[in-house]
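Chain naming follows the written order as A, B, C and D, and within any one chain the residues start at number 1.
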Amino acid sequence: MKLNSETFVLLLVIAVLALVPLADISLRAILLLAISLAFPALGLGLLLRSGQVSFGHALYYAVGAYTVAVAQKLHVTDVFLTLALALAASMVLGLILGAILSRYRGIFYGMLNLAFSMVGFTLLLKLYDITGGSDGMGILRPTFLGHKFSNPQTAWAIYYLAVAVLVAGILFLEQYMRSAPGSALGAIRTNETRLEYLGRSARQVFLAGHVISAGFAGVGGMIIAYSTSHVTPELAYWTLSAEFLIVAIFGGAGSFTAITIGALAFVLLRNLISSYVVDAWQLILGIILLGIIMYMPDGLWTLFRKKPDAKAP
Amino acid sequence: MTHTPDTTAPILLEASHISVRFGGVTAADDINLQVRQSEVLGVIGSNGSGKSTFLNLCTGYIRAAAGEIRFQGRPITHLSPREITRLGIARAFQHPQLFLDKTVLQSIVLGVACRNRFWSLGTVFQPGYRAKADAIVRTFGLGDYADTLNSALPEGVKKLSDIAIAMALEPSLLLLDEPTSSVSSANKFIIMDTLMPILRNSGVTTIIVEHDMEIVERYMDRVVAWDSGQIIAEGSFSDIMRNEDVRQRVTG
Amino acid sequence: MTHFALKAAVAALALPLTLGLGSAQANEPLRVGVTTFLSGPGAVFGVPAKDAADLLVAEINAKGGIKGAPVELIYLDEAKGIDDVVAQYKQLATAGKVDLMIAGLSSSTCLALAPVIEDFEMPAILWDCGTHRIFEENDFDYIYRTGDLTPPNNVSIALYTLKHNPEIKTIAGINPDYAFGRDNWESFRTAMQALDPDIKVVAELFPKLGASDYSSEISRLSALRPDVVFTTLWGGDMNTFIKQASSRSLFNNSTLVSSNGESALQELGDAFPEGAIIGARGDSWFLGPRTAHNPEHTKFVEDFKAKTGHYPIFPAYHMAQSVTALQQALEKGWDGTPENLTKGFLAGMDGLALDNFTGQLTIRPDHQAIEDQIIGVTVKSPDYSFPILKQMTYIPAELITPPVGTTTAEWAKTLSPKLLDQVTIAQ
Amino acid sequence: MNQIVLLSLLDGVAMSSVLFLLAVGLSLIFGVMRILNIAHGGFYAIGAYGASLLGQYLIGASGSWLNFIVLLLVAVVAGIVLGFAVEKLVLAKMYDKEHVLQILSTFAVFMILEDGQKLLFGVRPYFYDAPLVLLGTIDVAGIFYTRYQLVFLPIVALLVLASLMIFFRRTQTGKIIEAVIEDTEISSTLGINTKKIYTYTFILGTFLACLAGALASPSTSIVPGIGAEVIVLSFAIVATAGLGNFFGTALTSLIIGLAYSISVYTYSEFTNVIPYLVMALILIVKPYGLFGKKELARL
């Protein structure tokens, strides 16, 4: 990866995530929340490359979170194992639903995602014996390869694990966009016909994108589960899906690093605002969002983007 | 520029008794046509004569009501465009189908990747693919536009870019739909003069649907004249132009 | 729109301000985290409890605090969602900004928060939630419950109901779709059927918490015409259900039975049906005969009325129980030094027996408080703008509470019609 | 058994009429403007809060026939003010933007309205059922139904449907809008002033949303977050019907309403999932909804 401005910003983000909590421990939780939000937003960022939006990715977020809870119920407490399980569970569900969803584009893709997520939300609410209904499920302190650490140690370990996974995730997405299936994602937006006439299935390309985005949402859910020690059906509610989308747009569909910054900015901004005025966060966010949509449609990405030469020489 | 057709060359594509109709219009009526290895076949006909239909039939875009199309001896009548493409039939479009968010080079590299190992996390700009793509860009004289977004290309260049992407698939049969339509008469020869050598050197068999008689006369080895879903004449340009019908119904 | 845990961080940024004030005082203040519903439908329950807590803590501080340490309350709003409350608590605890917890109006909050608090080894009192699962499924060292648990609430009202009307043959339940609702219905149903095996259950409805419309459910209940409609809907949900049901005359054919109905009397006023059998989830009620003539109680009721314009409802009493229990425990067991706070609290809570204006309760070895249950029948009163209770009866705790070490399920099996003979209700 | 069928039918009809009023405005706006208006939920909530608060304030718990004037008044005023403001201040600037951004802009408006309500009306639940009590109840097979839900709401729903039909079939403006629904491109080339039509349509849609809220308020308790609850529900209906088709919307409302109430009597555990199950199933079979057209498939 050559050191262009974007790489530099990424390194900066990593440094911030790694060092700030050491300076002020009470920021650790906030940053962890931002990270858990960044994952689904990154997933949606990938889908935005194909010009598609989902109003239902909270479903995969919730699946990731509940996987941790259910795994613990079955005495699987290892962090790395639950990470793998959350990833697998959300991707498998993504594959099953994606098999249907990949036929749809635009509003219908977005709406059908919404419908599935609301079904999931209601199931989590109603399958009382498995999910505890609206009580949700508690998450205990996990083990690390068999070691159980003290409460503070565990918190630190989970935080840095999350940071590491986030960086890995960003690097993966950037590599994916350099690969053939990733580069073909853009074709979903511009010209599926040509893709078909290059002998490749637009539907499969889109499905792959959907499954990966589901996986990212799932990992985000796994992190939120550990950071709050409790999961509830709210994690699947549509407003959360919309929040992911906002963060993605906030950062800008053009750059995964930007989306990560978007998540950080989003959460920090929320805390700042909420600590001064009660019940006005959504109002202010709404106004900010309108501003970004109208005057900065490419989000924070505009700040350090290199546009490919758009005019003929 | 035209070559005398090699009648001994093996048959690459064979359409037998192909019929298809849309509503009342007969687009193809019991068509029989053979295309031989490495020839450049021109399909002419008035608008709505069904000449473009033939390309759509060959690529599986529309299904024949009756008859069969064989490619390299293998029936392709019921295959999807994707499957047919995978067998080695590539096409360009009258209205170029381009990835408007990609540069010319990016699109061609993606084309090369589609032809080779597509499902891999490897960078699409890997040396192997890159070299192939660069070669294509060079031969098509697209060097100046390599890093220009397709959306920003002038019309004529769009056409070339569209064909270049098709060539990235290294097809054994190339289908071109009016490659010089909506191009200034000055540029149309430039396009064809870039294109033909490439086709000749690569030895790719080509079917060109064309309504511009100058182009047909200059570049086609063999011509079939199409009218209301039927082939009314077949042979070299000069041959079929002796045919009264053709002069009237096709070129007239 | 629930911001679940993300909102947690609010606390982190907001708290330094509030805490700054506290630490300015001479003695290190006791920083007590309190979770209750401050907004949403639950506020109908949670805000009176907050008022009671503020009232009592003001008194305590006016008298010099507990062992010289002023008490300082840090509220967490349960309406923001369980995840949010847990996350906020973790923030406070991690940053060392809270010493004690008074937690859990909602059973969901208790089930979620208790293990986390225990993990931080922080002393805590569960003040209102009723779920029996707390101490039956866990063995907590740091957590006590001054509020009582679900089985007594419902076994007592089942006994009362059958005493009041032995002819009951069919019952239906409509309860909120979470631990509290399901546990209450479960223990009421089993008690009724144990006390009278002929009783049939005709419907078990669990509308989701905060449902805004019960029309279809009411149609179904009206169609089934059960002798008893049992509900533990609460707060805004209770109000909505009762109003919608009353306007459709559901209670002409069915008796309303609610083990937590007392809390809805003042909210609903005359919309609340007469002849309903209701409980107050404990032995405290502002007109309860036992405390009616206790001057402390009179003062509490008057202050509360002056502060809020309402009479205290049972959540207010539950909060009062936990605050006074906390005070009594610390004054008994704590030497006043911050480092011994936890030890002192645990020592003080063990075997604590409370007998004050809130009524009587004793802490069992399993950290669970037990108390009698006051039950009555609603009747319109010239003196109040809302129905009050007649035929008030205290059902003794020992008859209706699973003994230590016995799970509710096992204990429920031991219930039999014979139990009815040991109870007499006021006529 | 028959009784159950009858009752769930009655409940279903009562519910369907609310669902229809809820969804038809959304459907109309999408049909004409191709915008999925998330703010719709916020408009509904404001209609509900406005109606019950104003009723309480002006008339009081006793209630009188004026209540119905108030219901309508609130819907009209809120509809015109909100509709005009949002269309002019936000949407007018969005028409040339990507569809994703258009949707998000309406979501931004939705969020602003959500907190606006909290600041204006507080967080305690409201329940003002005077209009409902006023109309009294009727006895069907020994069950008491409120005339309001069983008679009044369905009639209003039918009136709205009828007047929409007349408006679109008979009036000039209606025909023009119809044309726009059929094909935006063509209509603009026909020199139809789409801008003006967009404004009218959005105001009309907003009015319908506020009306739905106002009419629903007497039979439901109004709490923060109802907007979010109803918007997904109306999305489900509109998408199932086929976006932009409000006759389909009426039918779908009926289907979902009935399915819902039947589930209360049979599988009450899964009542809340019914609308989305219906939607998912129908969309899987008919990808563009019951009455949808393919051209809507692309953003």
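Note that in this section a residue touches a chain if its C-beta (ideal position, glycine included) is under 8 Å from a C-beta of that chain, and two chains touch if they have at least 3 such contacts.
Please read these numbers as outputs of a predicted model, since none were measured by experiment.
Chains that count as touching both chain B and chain D, per the definition above, are A. We define each chain's centre as the mean of its Cα atoms; on that basis chain A and chain B are separated by 44 Å. With centres set at the average Cα position, the gap from chain B to chain C is 79 Å.
Computed centre separation for the pair chain C/chain D is 39 angstrom, with centres defined by C-alpha atoms. Across the assembly, chain D contributes 111, 114, 123, 228, 269, 272 as residues in contact with two or more other chains.
Touching two or more other chains at once are residues 125-126, 237, 239, 281-282 of chain A. Annotation for chain C: residues touching 2 or more other chains are 1, 208. Taken together, the chains touch in the following pairs: A-B, A-C, A-D, C-D.
Across the complex, chain C is touched by residues 3-4, 7-8, 10-11, 14-15, 111, 114, 123-125, 127, 129, 132-133, 137, 141-146, 149, 219-226, 228-229, 260-261, 264-265, 268-269, 271-272 of chain D. Note for the complex: chain A touches chain B at residues 175-176, 178-184, 186-187, 189-191, 193-201, 308-313. Chain B contributes residues 59, 80-82, 85-86, 90-91, 97-103, 106, 109-111, 113-115, 117-125, 144-145, 147-149, 151-154, 157, 165-166, 168-169 to its touches with chain A in the complex. Contact residues of chain C toward chain D in the complex are 1, 39-41, 43-44, 79, 205-206, 208, 210, 212-213, 215-217, 219-220, 222-223, 225, 235-237, 239-240, 243-244, 247-250.
Here chain D touches chain A in the complex through residues 36, 38, 90, 93-94, 97-101, 103-105, 107-112, 114-116, 118-119, 123, 228, 232, 235-236, 239, 243, 269-270, 272-273, 275-277, 279-280, 283-284, 287-288, 296-299, going by the rule given at the top.
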